[in-house]
Every structure is written in structure tokens, then in C-alpha cells.
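Two complexes are shown next, each including subunit A; its partner changes from subunit B in the first to subunit C in the second.
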Partner chain A sequence: MLKVPLSVDERWNLIEKISKQTVEFGARKHTLKDAIAELTVKPLTGIPVAIAVLYGFWSFFIDFAGTLFTDGFMVRLFDEHWLPWLQSVFPGGLGNPFYALLVDAGHMENGVLVASDNCLESFGVLTSGFFVPFGVVLWAVLAFYLMFALLEDVGYLPRLAVLVDTVLHKIGLHGYAIVPTFLALGCNVPGVTATRPLETRKQRFMMITLLSVFVPCGAQIGIMQDLVPELMGWIFLTLVIGYLGFGFILNKIVAGKSPEIIMDVPPYRMPMLKNIVSKLWIRTSRFLLVAVPFVLLGCLIVGLMYLTGAMDWLATVLGPFLMSWFGVPGETVAPLIAGFLRKDLAVGMLGGLMEQGIMTTFQVFTSVVLLCIYFPCLATFALMLKEENWKEFLGSIASLIAMVLVYGGLIHLVGIMLGVA
Partner chain B sequence: MNELEEKFGQIYFAVLGAVGLAFGAAELIASAGEGFTWGILDSSGAADPTFLPWRAIILLSAGFFYLSSVKDFAEIHQLAKAVLGSIMIWIVAGMAIWSRIASSIPGEETWFNSLEGFLASYAPPYCPEMFLLPFSLVIVYYILKEKEAER
Partner chain C sequence: MGHPNVGKSVFFNRLTGAKVLESNYPGTTVDFTKGWMRFGGEDVELIDVPGAFSLEPKDRAEEVAVKILEENRDSVVICVLDASKVERGLYLALEIIERGYPVVVALNMWDVAEDKNIRIDAEKLERILGVPVVPTIAISGEGFKELVSKIKEAAPVKIEKIIENAGGVESAAVSG
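Let's turn to the complex of A and B:
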């Protein structure tokens, strides 16, 4: 017998027929949990709740990572104990290349090389290289994944997906895209992996490109929050506008379909401590295994580039372009190079430049946004290579370059028009 | 829930909703300007100016949730609105308390805060949602009552 594939309508009719024969329908009294579950997916009641949940998420994140651990203990540990101790016991001293690479490169003040007084400025493998992952990022990642695991296990994330479904449809994605986006806010690597359930190549391509450009990872957010807390609202607003705006453009120009997806919305459940702890352990340890070697390598490469004069050469060559197109000084070349290895490290380097008074507030804002959007970190880059075919990968890179040039230039233009650039 | 409990719930959450709305509106106005401190009530947003307007929106929404739950309060969907209003207050108030805990542990000059410094961190003034927190806990009684009825 010749098998003819069923059309979509025929399939639905068949499903209805089978369900009529197999499913018993009856009256069921709604429980309080059911009623709450319903209210949290309806826009009128669900959006205020979503605002409250996200408020709680970020408040906890900031106070846990920033106030309590980084500012409360880690800055003191690294700047008042670790750095002075290394400066006193490490052989070589200021000006020695080996000392500069591992402990403190120092900086020029009135033509004199002076020692750094904090681990963001020193830029040694043993100082900045340890401070960034263990002093700042670890606590940010821990706070992020704790809250994420709670939302996941309570069953709130699928409801958030339903709420944002209408908005994301406008850019050719659907509500499920909030899951990889949220995951990428912890680390872009699992975010890119989580795009696998998306049904078409077009949706995956768009999602991966948008994630790698407009979604900063937890490590980066943690260090941004530490350095420029007053600019965080503006930075996120700029990234959200970019995410939606370029998503809309990509949806128009990329060929392919964006079909509907049927998602299971589970009931609310009480999270289990054991699950939360094991998720936290798996995600945080994996993050540290990926991040720490790249941060140390980044410090080493940037240090070597400074010592050999390559960084000054690059700053001289690229400086005029960076200044004229993006409005940022040539000194941002070093963070941009380090950002390819680790974005958190790169933002930390910007902190060093800020403390030396090299940049204006708007230049700091532009540089931080540029660091977010200019290129994915090496780990994400490698995963993109694995997840996409060559054509898509090259397409992602081309889109990425175009987005950085257009959006970076646009931010500069807006700054000029507002008189702040 | 019996008739008396329903009547009490209606009046109680109507008043709490109105107070929530008033506090929310005050925080919204405060977020546009310098803010205010009135006795032990503080809405200056000095600690987190970025979050002040969001807090205001959440308080306003919680107030609306309470008020809209009042009609036919015993109906499960109406009660759920009051529960959500309380959950929203617990989130913002909980975060205000957590913020104080986080800043009270490390010391200024020493690793850990002194006992005096630690206790001083919990002294007034307090933000509006912290005042609403104990009153919002009344909903727990209704949740337990409903659970009992479900069983």
C-alpha cells in the first residue's frame, strides 16, 4: 500500500480522534496552585509578576556578588593583602619583564613608572589573573546559577517563555528563545547549546548570532556591576534594543521558516535542595574549568604584547579608527584583544583605564557595550564552529562584524547628537 | 473559607491594596526626583536609584492585585490575585532585608563588622515595602485555609 504523508490538518484531526477515544474529560476543581499558574501566564497579571521576579533575581545577584563577597571581602583580600605581599616577595621588582608579566606591570605617572595599588590595574597573571575569576566572577556566577536553578526548578521559566512569546514572534523567534537567552546570561556556552531544540536552521542561526553578540555572560555582568554600577541600566537597555532590532532585521533577510513550537508548561513545584546544589556545583565548576585558564592566558598574552611593544603598535594603528568610528580612545585596543579570550577580563582592563582617568563616562559606556557586542569569547566561538555549518558560521561572523560596525557607530552618533560623545 | 473570613479578607486587602498603591505612587514620584525620608519611612533610593522605579511599579501592581481580588474574594482565582500581590511584596521586601544583611557583615576597616556596626545596619529608616511585609503575611492564613479545603 502506498503511504501518503498526512497534511498538518489531517494530523490534527487524527490526534483529536485518538484523544476522543482515549482521554476522559470531566469537571475538575481548580486548586490555588492552578489559579496562580494561570495568572502568571496571562500578560495583564503575568508581566508585573515577571518584573517582580526579575527584580528579585538582580537584587540578589548584586548584593550577593557585589556587596557581600567582592566589595565586602575579595577587594580587601586581593588589594590589601595578596598584591602587596606579592609585590614585596616576588623577585625582580617594578620594570622587570618577568615581574611585570606575573605580578605588576605598573603604570606611568608624570613620566615615572609607579606600582599599582589594586589588582585591576596591576595586570599580572598572579594578580589580575586570579582576582578576576576568584575575586569577582566566581561570586557573580554562583549567584546567577543559584537564582537560575531556583526559577528552573520552581517551574517559572516556561511561564516567562509564554509571556515573551508575542514579542519574540516579531523577530522570528518564539517564547522558548528566552531559555537560551537566560542561560547565556550565565555563560554563552550553555546558551548556544540550548538552541538545539529550536526547529529550523534559520531560528538556530538567528539565536546563536544574537546570543553571541547581545547577551553578556554572568562573569561579564558581575565585573560590569562592580566597575560601572551607575551605567548598568543604560548598558542593558542598549543591548535589549540591539537584540530586538537586529533580530528583526535578521528575520527579514535570513531565508527559512520560523514555525510554531508547542511547549509543555509544568505545574509549579517546590524546588529540592539536592537538585539545586548539584546543578549549582555542575555549572559553577564547569564554568571555572573553562574560564580560569582563559583568564590566565589572556593576562599572559596581553602582558607579552605590552612588553614587546605590539600593543602600542596596534593602539597607534587602530587608534584613529576606534576614535573616529566608535569614539573610544586607542587604549581600548588591549581590552578588545583580551576580550576575545575572556570578556570579564577585558572589562576588568577597562576598569584599570578608568582609574587612570583615560576615558570619559560616555567612552566607558561605549567601550563596555562594544566589548559586549564585538566578538564572542573564544569558548563560544569554538562552540559556534561546532554547532553551525561553515556557511552559517561565516554568515554569523559577517553578521557579527556588520552589527558591531553599525551599532557601535550608531551609539557614537547618538552620543554626538546628545552632546555627550 | 466562611463568610466572616471572606468579609474580613475583603476589607483587609482593600485597605492593604490602597496603602500599597499609595506607597507605590510615592516611590514613583520619589524616583523622578530626590526622594523623601519621613520619620522612619524612607523612599530616597539612595542605596539603589536604578531599582527605585521598578520597586514602585511592583508596589503599584501589588496594590492593584489586592484591590482586584476583593470582589468575590473566596473564589479561587480572586484569592490567587491576593496571593500574587503578597508574593510580590515578599520579593521586594525580602531583597531590601537581604541588602541590609549583605552590607552588615563586612566591616569598614576590618574583615567583619563590629556588633554595634552590625546592629546599626538594621536601624530605621525603612523602605515602604518593609512596612507592608508583616501585613502581607495575613495571606498565609488564607492559603492554609484553602489547602485545608482542598484536602
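Let's turn to the complex of A and C:
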């Protein structure tokens, strides 16, 4: 007589018995769906399809979010109406600390404090603090999640995973890594949680570390695209090289195994409007709820640090190091501080510095890359604490610091050799 | 409970009116969510869990699912199976039945199985397992009414009874 619980084999024997009596497999028809499914995973046709899909994704992202909403509408609304209106009605005026904090800090030109003419330079809670999330980032996040939801619901992501499987195996990851990576491009937080289906601690550790360092979030990409569209190609290339390069190194030095993950490739499905809308709503509202308070808080903290002179002090103290190691000016300290809270705000502040004309193109490029890699935002950081054990967390932080110093220095070195730094 | 990407979150959203993310790839849900559904005039708690292939967890997401199952000893378990891959789903369902949980089996993605020309005799399966078996198409809501009405019929079944109904089974030569 059999003992309970059954052994694995006994259970399978029983299942075979049951299914023989209840399941009937008819002849499989080769449908159009199957044909499409095959075309998208065979390398010869799959790679062009993948390029087309990603290109379409990106084009939509920049056209819809950047050109149509941000440049076409929001920049005008904020710079031509909101900012001048606040500058005219808000009590205090230029030079008043309260006014500087909330509306416009102004900047020095030939020894004279002049008013800002756009919402990135002004650094005020009511101006920059609202322009960054509502003027730029919201539209980027919406565009990203709309396209992403379509890819998810059609069932394309697992196919992409199959395609990049070979490349990712070289760095000890599995094709499945594409799912957390893609999610992290929207927001690093769900990206980090999506590492849970990875089997070994080594894989999770590597994935979390690589994500939090080299994958910029949608908010950040949106504002980068708005400020330095001409540099985006270089920025992404640098990040991809970093992701693969440091992945390769981590795979060599981290103990543990990277076993195969068997992933089911689901059938293609027609996305349903209701589900797309519902997901768009869940994710966008989550973004607003988390991002907006942090952006406003960041604006306030950075503003206070300027007013009290703390920022100038930090810039003087850290300036020589930043300049000699990374080749960026001491003023970059302000965005780096803001970046602890929110990356989008940090990049926006960098935009303010750019407009004041104190940085070369290469310095802008280096600072934008540094902002991506030097620290995950606070929300991601907190989640890493929760998802990793202490040893892994310290490991993540150590590799993060090492990667920033090595990679940031390397970028500077390449710049010197090319004669652009 | 069920394998990854069989539609558990769609069930959850439909039954509770909650909104957890639904996507067409395995690993969408990595944490549990609790919600309430109306059942026989009262509110009953329903928990959405990450997908699991078996009750021996292999990753963090499966750990969450198994932990929730073990913490809720007196619950009814809705086992969601991909009707086009019944055998694999039955493995998990049998494991849960063996542990003494009352189970309702949902043969989800019935339409996909039909597309693949797979025919399942749900009534016969119900007779063999001794638990309610309902074909469903979660994204369009087909079979939900029947599923909910059968929750109260769910009762623990002895695995010996299932073996007997299936016509007996040889004990495996290599047993674990």
C-alpha cells in the first residue's frame, strides 16, 4: 500500500493515470499565432523584430512624452505663465530667502543676482518642484507604462528573454533578467522585487546590484531626454557597457551558482483595453504618490542647503575630488545631493547648471552618467535593505562604490584620451 | 494557488474587485495581496499569491506562496490550472490535496486549450479527484459563477480515494 505523502514518482504515475482517462490531445493545427510566435524567437527574424519593437517603443516615448507634451505644452505653460506669474505676485522678491526657497533662487551674472527665466534654473519648490514631476516626468512615465503594458499583455517580454538568453548567460544571468531590467526602466523599485523568481541568492544579488547601479528609471530617462537628447545614445551605450562589463566581473567574483531557469513562454494574446487602462492607472498613481512628495522635499532640502551656505561649503570641500577624479565641477554636488532622494530632480538641477553655462558637453555627459550610477534613489535603497540580507546589502553597497569610482574614473580617462574632457 | 502565469491575479481581481497587476508573463506577482469577496451573504477573505510549481519552494516568490498556504490551515484553496497543461498543474493540486486542504480546481485558459485541440473531460476529472472542477476563462469571466457556487462543496479528500478512483497506481520503484 502507498504511503502518504506520495513520492514524486508516485504522484506523476497517478497523474498519468488520471490524464489518460480525462484528457484527449487532438491534432495540433499550425495557426497564424504559432507562426508569429516562431518568427519572434528565431534569431534570424527575432533580432530584427526586437530592434523594431524597441525602436518603436523609444520613438513613441520621445514623441509622445517629450515632443508633444513636455516641449509642446508643459514647458510653455511653466516657463511663460506659471513662473512669471509667481515672480510677479509672490511676496518677497529676489534675494528674500523665503522667496528663494519657494519660487526663484536666482543666480549670479557678472556679480548681479538675476531672476531665472525657466523652471529648471529657478530651483524653487513651487517652480522646479512642480515642473519636474508634472511638466516632464509624468508624461514620460505615462508613455513608458502604456508601451510597457502593451508588451506585457501581448506576451512579448518572455520572447525577448529567450532572444537575449545567450548574451546574458555570458555574465551569469539568465534571459529572464530582461523582465526585472525592463521593469526597472520604469521604476527601479518593482524591478528589484521582480528578482524574486530568480533561483539562487547569487543571481538575485547580481541582478539587484546591476539594476540599482546601471538601469535609469523612466522618470530619469524622461528628464534626460528633455535636457540632453543629443547625448542619449552615448549615455545608454555607456550604461549598457557598464551593466554587461560589471555583470561579467561580478559573476566571476561572487560565490554561488547560476543555474538554468526554465521559463514558460506564454501564448500571444490580444491586450485588453480595460487591463491596460487599469495598469496605467495603478502605476501612474503609485508614481505620483511616491515621487511628488520626494521631489518637493528634495527641492526644499537643496534650497535650504544653498541658503545656509552648506552647499557652497560642500562644493568647495568635494570640488577638488570631483574635478580630479571624475572631471566634473564642484557645483555638481547639488544635483548629487538631490539624487539621494530623486534622480529626476537631480537631473533637472543639472539642467539648471547647464543653462548657466558652467559645464562643457563632456562634463554634462559625465555628470548625467554619474547621477545614474552613484546611488540608487532612497526608495530603491530602502527596498534593497528589505530584499537582501545584511551581508548582501553591504556587498551591494561596496560593489556600488567600487563601480562608481572605477567606471566614473574610466569615463574621465577615456575623455582625456579622446581630448574632450 | 497555481503555476506562474495561469491567471491567479485575474481571478483575484475579478472575485474581489481589487486591482493587482495582471500581465502575460510568468512572475508578475511576487508578493501576496489580501482582498475581500462576497460569498453566500458574507465577506470572505481571498489571498492572491505568487505562482509556484510545487510546495517545495525554489525561489523567493514560491516561498511566499507556500508560507501563505501554511499560515492559513483552515482555508479553501482555489487551484488554478492552465487547461492546456493540465498534468503539470495537477501535480501542485495533488500536493495541496494531500496536505488536507479542501480544494476547488479551476481549469483556466479553457479557450487556449481548445485552440490547441486539447479536450478535457471536466466531469470525469471531478469524479476522480472528488473535488469540484470548473472550466474557466478568467479574462472574460466565463465559469466564475459556477466556480464561486462550488466553493462550499470543497472538502478534504483522502489521496487513497483518488488513487482508487483512478484505478490504482503502482508504487514507484524509485521512491523518494
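As a convention for this text, the second predicted complex is superposed on the first by the 394 of 421 C-alpha atoms of A that agree within 3 Å, B and C clash if a C-alpha of one lies under 4 Å from a C-alpha of the other, contacts with A are read in each partner's own complex, and residues count from 1 in each chain.
Keep this in mind: contacts are C-beta pairs under 8 Å (C-beta built on N, C-alpha and C of every residue); 3 or more make two chains touch, one makes a residue touch a chain.
Since we're looking at a predicted model, the values are computed, not measured.
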Would you sort A:Thr31 into first (subunit B), second (subunit C), both or neither based on which partner it touches?
-> both
Quick one: classify A:Glu10 as touching subunit B (first), subunit C (second), both or neither.
-> second
Please indicate which partner A:Phe64 is in contact with in the superposed arrangement: first for subunit B, second for subunit C, both, or neither.
-> first
Residues of subunit A touched: more by subunit B or subunit C?
-> C
Should A:Gly233 be classified as contacting the first partner (subunit B), the second (subunit C), both, or neither?
-> first
Does the superposition put A:Asn275 against subunit B (first), subunit C (second), both, or neither?
-> second
Which partner does A:Val49 contact after superposing on A: first (subunit B), second (subunit C), both, neither?
-> first
Residue by residue on subunit A, keep only those touching subunit B in one complex and subunit C in the other, then list them.
-> 31
Within their complex, subunit A touches subunit B through residues 30-32, 34-36, 38-40, 45, 48-49, 51-53, 55-56, 58-60, 62-64, 67-68, 71-73, 76, 229-230, 232-233
Complex contact set, residues of subunit A against subunit C = 2, 4-19, 21-29, 31, 33, 149, 152-155, 157-158, 176, 179, 193-194, 196-199, 204, 263-264, 266-267, 269, 272, 275, 278-279, 281-283
Note which residues of subunit C are touching subunit A in the complex, please.
-> 3-5, 19, 21-28, 30-31, 50, 58-61, 64, 86-87, 90-91, 94-95, 98-99, 112, 115-122, 124-125, 128-129, 139, 159-160, 162-163, 166-176
Quick one: which bits of subunit B touch subunit A in the complex? Just the residue numbers, please.
-> 48, 50-51, 54-55, 57-58, 61-62, 64-65, 76-77, 79-81, 83-84, 87-88, 91-92, 94-95, 98-99, 102-103, 105-106, 111, 143, 146-147, 150
